[in-house]
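In the two complexes below, chain A is the common chain; its partner is chain B in one and chain C in the other.
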Partner chain A sequence: MKFKTFVAFVGPSILMMLLFIAAPLVSVFIQSFHHTQPVYETVTREVCTPGFIKQICQEETSSQPVLGADGKPLVETHYVGLQSYRDLLDMDRVWQAIDVGRWSEILTIDFWKALRFTLTFTLLTLPLVLLVGLALAVAINNALKSIRGPIIFITLLPFIITPVIGALSIRWLFIGDGIMTAMLEQWLQQDIAMFAQAWTIELLMYFYRVWHVAPFAFVIFYAGLQTLNQDTLESAIVDGASRWERVRYVLVPHLMPLIIFVALIHLMDCYRVFEEIVGFSSQAHVISLQWLTYDFLTPDDAGNRSIARASASAMLTMIGIVLLLIPLLRRTWRDHKRGGH
Partner chain B sequence: MQMKKLFLAVALSAGMMASGSVMAACAFKNEVPLKSLSAGFDAWKAVAAAMSECGNFEGELDQEYKTKQPEAMKANPSLYHIGGVSNSTLVTLMGDNSVRPLDDLVAKYGQHLSPNQLIKIDGKIMAIAMMVNAQHLMYRSDILGELGIEPPTSYAAMLEAAAKIKASGKVDYPIGGTFKTGWNLGEEFINMYMGFGGEFFGEGNAATLNNAAGVKALEMLKAMTEYMDPEYLTSDSTYVQQQFQQGKIAMANLWASRAGAMDDEKESKVVGKVKMAAAPVAMEGGKPATTLWWDGVTIAANIPDDQAEAAFKVAMEGLDEEMVKANNDDAVWLIKGYTPGPAAKGAADSAAAGAPSYPASKAHGMIHTVAGSNLADYLTGKKDAATTLADMEADYTKAAKEAGLIK
Partner chain C sequence: MSTPRALRQPLALRIGSGAFIAFWCLIAAFPIFWIMVMSFKVPLDAFADKPTSVIFGPETLAGGQGLSVPDIVIGLIVLFFFMRGVVRWLPAKVQQYAPGGQLWFGWILAAILTGLAFVLLFFGVLPPVMQGVNGLLGSLGEPVLGLTTEHYYAVWVENEFYRNFLNSLLVTAGVVLLSLTVGTLAGYGLARSGSNLAFWLLILALIFRALPHSVLVAGYLPVFITSSEWLQPVFDVFGASAPTLYGQPWAVIAVLVAINQPFTIWMLRSFFQSIPTELDEAARVDGCTHFEAFRRVIMPVMWPGVITTGLFSFLLAYNDFLVTSLLLDAQNQTMVPAITGYFNRETSTTDQVEAVAAAVSITAPLLLLVMVFQKQIVSGLTAGAVKG
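Up next, the complex of A and B:
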């Protein structure tokens, strides 16, 4: 291909990537090292608010933003180095907790609490999604041709549901005296509160994520199975390979590139876990890194938000994803260099 | 507060209401296209419907209004002419200088307003209040009566009553509470801390929470949770309201704006059985451990004067006597023509006993947030009271430094 043609084809997408991926990333990176804040002055003034019968007027001293000549609040930005990262990681307290040997105290700091959950969530659901996806693909591949279509359709349904809606539906099944909780209570003859402690909520979250994502793994693996060389499979049968051996030595090696692909996608998606936190309103017990960023960005009643710490937390989330992906990417790279595909 | 978003085509609902009930039309025909953004609870629905009778009016009702209102009204021209606010969200709009003083307009069109409605800051009228709201005691008069318990006036008495109700087994959980992590739990802490006479700030916006009042407030909140549904950390106002309506709880400190729902025959199994009283005091001789809130309207600064004038006229139609008479029990109105019913008793008694107004400010918004996010670890036993309060102060300091409130 001529260089000019190449540029004409690739140019637009590179421009888009620079504009919508690189530029925001750089902006977030810069913001994580700066504090942007209004200039405040201390003002004492009379504030009158409604009482029930008579108005209550009080002298109040509070900090008020200083207005500039254009009627807008004055804002200043200054460089603070790694302050936002320090605020987020709270290393002083981490070392202190390690010194006295009370490890669990580390998990009361928001960032570490979020990291703990995000990692367990990502690493626990990964094998489950792969296994369930593979099992579904193999099972359906062996099902009668006439019923495959409807079965595939039904299997894909959980993946089609909007994540937040799916999470909310499961929450409503279990919260308070929801249908499922009421059934469990009747069956086990004891009072159950699924949303009263962390581990039950986490269990529901794992279940929900596997239920939601396994169809994606399934559909990819199922497509892969269609390209499986039947001769290899038949010769394996002739050689006396058991069902398990066929899966182990023929199917899995054939699907390996797809397994790595699904694992990559799943790791990236899971590390950004967010819908589950909101859907199950689990903030009291369980939070994730992505939710932490969101929480910093959400303004309170008085309009304050922590942009700098949100940026720092977003940067750390990105670094975390890259670290997680490195082993898989290295493997793909090795395969690529060997010229496997 | 709630993920649930409420968008309502006000014009549509106004049409429906007009056909259903007797509602006189607006006194004038509005020619200027106007938009308003406010919260979406019943009182605002009524007000927005009344405003839309004037024509050319689009009222957006959204429980998450506070996340979009500041940016939308900071724009020039502002995206909304009328902004529905509460005492805490007015702080944001005032800080951005995006609402205008209303003295001239009040002089011209607002002579009928009662002085109590005029929110004055530094001598200037910045908002027109329409209703007050407060958390106060609601209790099942039938259960307390059968067990021979007087309606509690202090939290200590409330705990004693809860123990008796628990022993009787009349309800699933004696106490309900808006203890959902985040804004709700933060509000509970602020009420209780002020009830124990706590002060939030020292010199230069520094937080002063780690003290005897703080510890007592935390301990009292924890003592209450012993009598609550174990899922209390996910329980918001709507959840508590439903617990009441379904007869699962016997007492709660709940918002006055929810009082009307107790006697709603379509939803409630306990019609006529829930009575209102002042919020209990936290300590002997103290004031009720609750804070008074108000909701009202503001007019955007970044719009031409003629639009502001039209917007104010329409707003006055929304806040008129007719609207109040048609929706008397939807809120504790401040507007003339309101007859306080039994649903208003709790808020009125709390105010009469000296409940303070909510101390809204930039710095206080941060206290509210750190309280809401830190309390769960204490209530679930992961931290002790002193550590929790120290962590709240530390978190506040981080946020305040980032925002420039502490140098």
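Up next, the complex of A and C:
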């Protein structure tokens, strides 16, 4: 294919990606070093109140936004360097907490709290998703052919459901004295409020994520099982491998590329955890990195969005993604150099 | 059975794996099934702590709204045949009536018609018919199962949820169409070019795929809000006033298409690679340019891959919360962000049940989608994994 034809085919797509993905990245990078705020001026005026014989006059100073020609408040943007990052990371408090030796105090700062949750969330759900997905694939592959269709239909439901709604549907089972909470209370003989403390909410979030992603892992592994070589399996049996050994030494190595694929996709998606926070309304207890940026971008009560901080937090989130992707990129680069793509 | 004896499984293992599947199916379907049940009850029943009172709805029944035994039996029979019709009959009819290239249009039309038929059948035709039947049956026609559709009425008519529905429809349709058009061309180009550039473009797309969406939105927001100022010089040429991009559905469509591009081109590329190169080479030998070869030879055989990719674009646009909630204002809001409006107020339990009804309304089209396209979804997911 000639270069010109190639460009004609790929051009629109590349243009879209440059315009709406690469350009925003650059602008976020620049924004994170700048601060935009309304211009305030200090006005001094004499305020007089009627008094006996003579008016009592006082000088009052107040600051008020400067209005532009069109009646809107003027805004100015100036370079602040790393100020937004400093505000976000709050290293002074972090060092202080380390000096005193009270580590848990670090987690009261929003950014570190969000980072802690995002990382625990990603690392804890990963093995669970892989395990449940693998177990489902093996079990359903084992089931009668005639009922596989309906089973796969039901299994796909948690995967395609709108994430916010999926989280909500689980929340509604537990909210207040919902049926699941009532059942747990009866079982444990104690009063339970699932949404009053952080760790129970986190448990529900882990459950939700596994529930939501396991079907995806299942579908991939199930497809991999269909290509499993029966001869290898049979020779393993002839060699006297037990059922468990067959899974360990035949099945898992066969599925390994797929397991890595699912793990990578899961890491990328988990790092962006966001919908759970909205669905479970957990912002008072548990927040994630992406939610932090979202929160800065949402207008506050006065209608202001803190774009600079949002950009700084977005850039920090990006760094995490880059760290995550480096091993993957190195592997792809090595494969490419060997000419195997 | 011809299974070799050594491969036969002990009974305990078979029962174990069966029980595991049954348990999983219960967990997978239960929350979705339960919110459906909840949405038809008055708040006192919906959030009751006993499962039986949520299912049978005594308070709802006491309010005089419920279903009798004949209602349930006939309703289930009609539902069964409706579903069967959708699964068996609909795909064939669409294939038959939709002209070659307009298959997607046939599907959209079919989906809308099915939805309308469902609402008309279960909310328009059945209630009056069953009222007559119940009247004839006497004591057998007494309601036994509490059920009310008042929350759906409140959501769709009083709270004007249909506006959000139309916005969702607009955004979703726009995203699917545009991202397929742009993506098919790029996917084909990438699949047929073995150059280094193509490889690096794909890697770049992979990196873009990993970016959190909030990072991108942080880039769009200030630019979109002030767009009427910085776009003005461009629009002055035409003598028009520049639009504010913030709150415009088509701006959101463009954003979502771009976010969706990396996934789309990866998937379509692996699909185009499975179409033999001999096909377009033959067309080229016959004197076609690359574009003619694409249009006359590749387009007729690419529909399965395009439908599958389209499904995933649909899911992305339909399920999106973050981008739409930040870039659209209240009157152009789509369904998913609109639902959070219900419990930021959190004033009453009625609001909560209305939110449940809205949630079920959002989920219903997705259920229909999996029912019709289960095979495509499974094959699409695996195609991306096995090759990529």
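Quick notes on this one:
Keep this in mind: the second predicted complex is superposed on the first by the 301 of 341 C-alpha atoms of A that agree within 3 Å, B and C clash if a C-alpha of one lies under 4 Å from a C-alpha of the other, contacts with A are read in each partner's own complex, and residues count from 1 in each chain.
Basically, contacts are C-beta pairs under 8 Å (C-beta built on N, C-alpha and C of every residue); 3 or more make two chains touch, one makes a residue touch a chain.
Quantities reported herein were computed from a predicted structural model and do not represent experimental measurements.
Residue contacts after overlaying the shared chain place A:T298 against chain B and chain C alike.
Applying the stated contact rule after C-alpha superposition, one finds that A:V278 touches each of chain B and chain C. The partner that reaches more residues of chain A, of the two candidates chain B and chain C, is C.
In the superposed model, A:I175 lies in contact with both chain B and chain C. With both structures placed on the common chain, the touch criterion links A:Q37 to chain B but leaves chain C unconnected.
When the two structures are aligned on the shared chain, A:P24 is found in touch with chain C, with no touch to chain B.
When both complexes are overlaid on chain A, the residue A:T125 reaches neither chain B nor chain C.
Chain A residues 175-176, 278, 281, 298 lie at the interface with chain B in one structure and with chain C in the other. By the touch rule above, chain B contacts chain A in their complex via residues 3, 66-67, 70, 86-89, 91-92, 95-97, 115-123, 129, 132, 180-183, 205, 229-234, 239, 292, 294, 301, 332, 334, 347-348, 351-352, 357, 360-366, 368-369, 373, 376-377, 380, 382-383, 391, 398-399, 401-405. Residues of chain A touching chain C in their complex: 1, 5-6, 8-10, 12-14, 16-17, 19-21, 23-28, 31, 36, 135-136, 138-140, 142-143, 149, 151-158, 160-166, 168-170, 172-173, 175-179, 181-182, 211, 215-216, 219-220, 223-224, 227, 233-234, 237, 243, 258, 261-262, 268, 271-272, 274-275, 278, 281, 289-290, 293-294, 296-298, 305, 307, 310-311, 314-315, 317-318, 321, 324-325, 328-329, 332, 336, 341.
Taken in their complex, chain A has these residues touching chain B: 35, 37-40, 43, 45-57, 60, 62-65, 67, 71-73, 76, 84, 87, 104, 108, 110, 175-176, 193-197, 278, 281, 283-285, 295, 298-304, 306, 308-309. Those residues of chain C lying in contact with chain A across their complex are 4, 6-7, 9, 13-14, 17-18, 20-21, 24-25, 27-29, 31-32, 34-35, 38, 47-51, 54, 182-183, 185-186, 188-190, 192-193, 195, 197-199, 201, 203-223, 254-255, 257-259, 261-262, 265, 289-291, 294, 315, 318-319, 321-322, 326, 336, 339-340, 343, 352, 355-356, 359, 362-363, 366-367, 369-371, 374, 377-378, 381-382, 385-386, 388.
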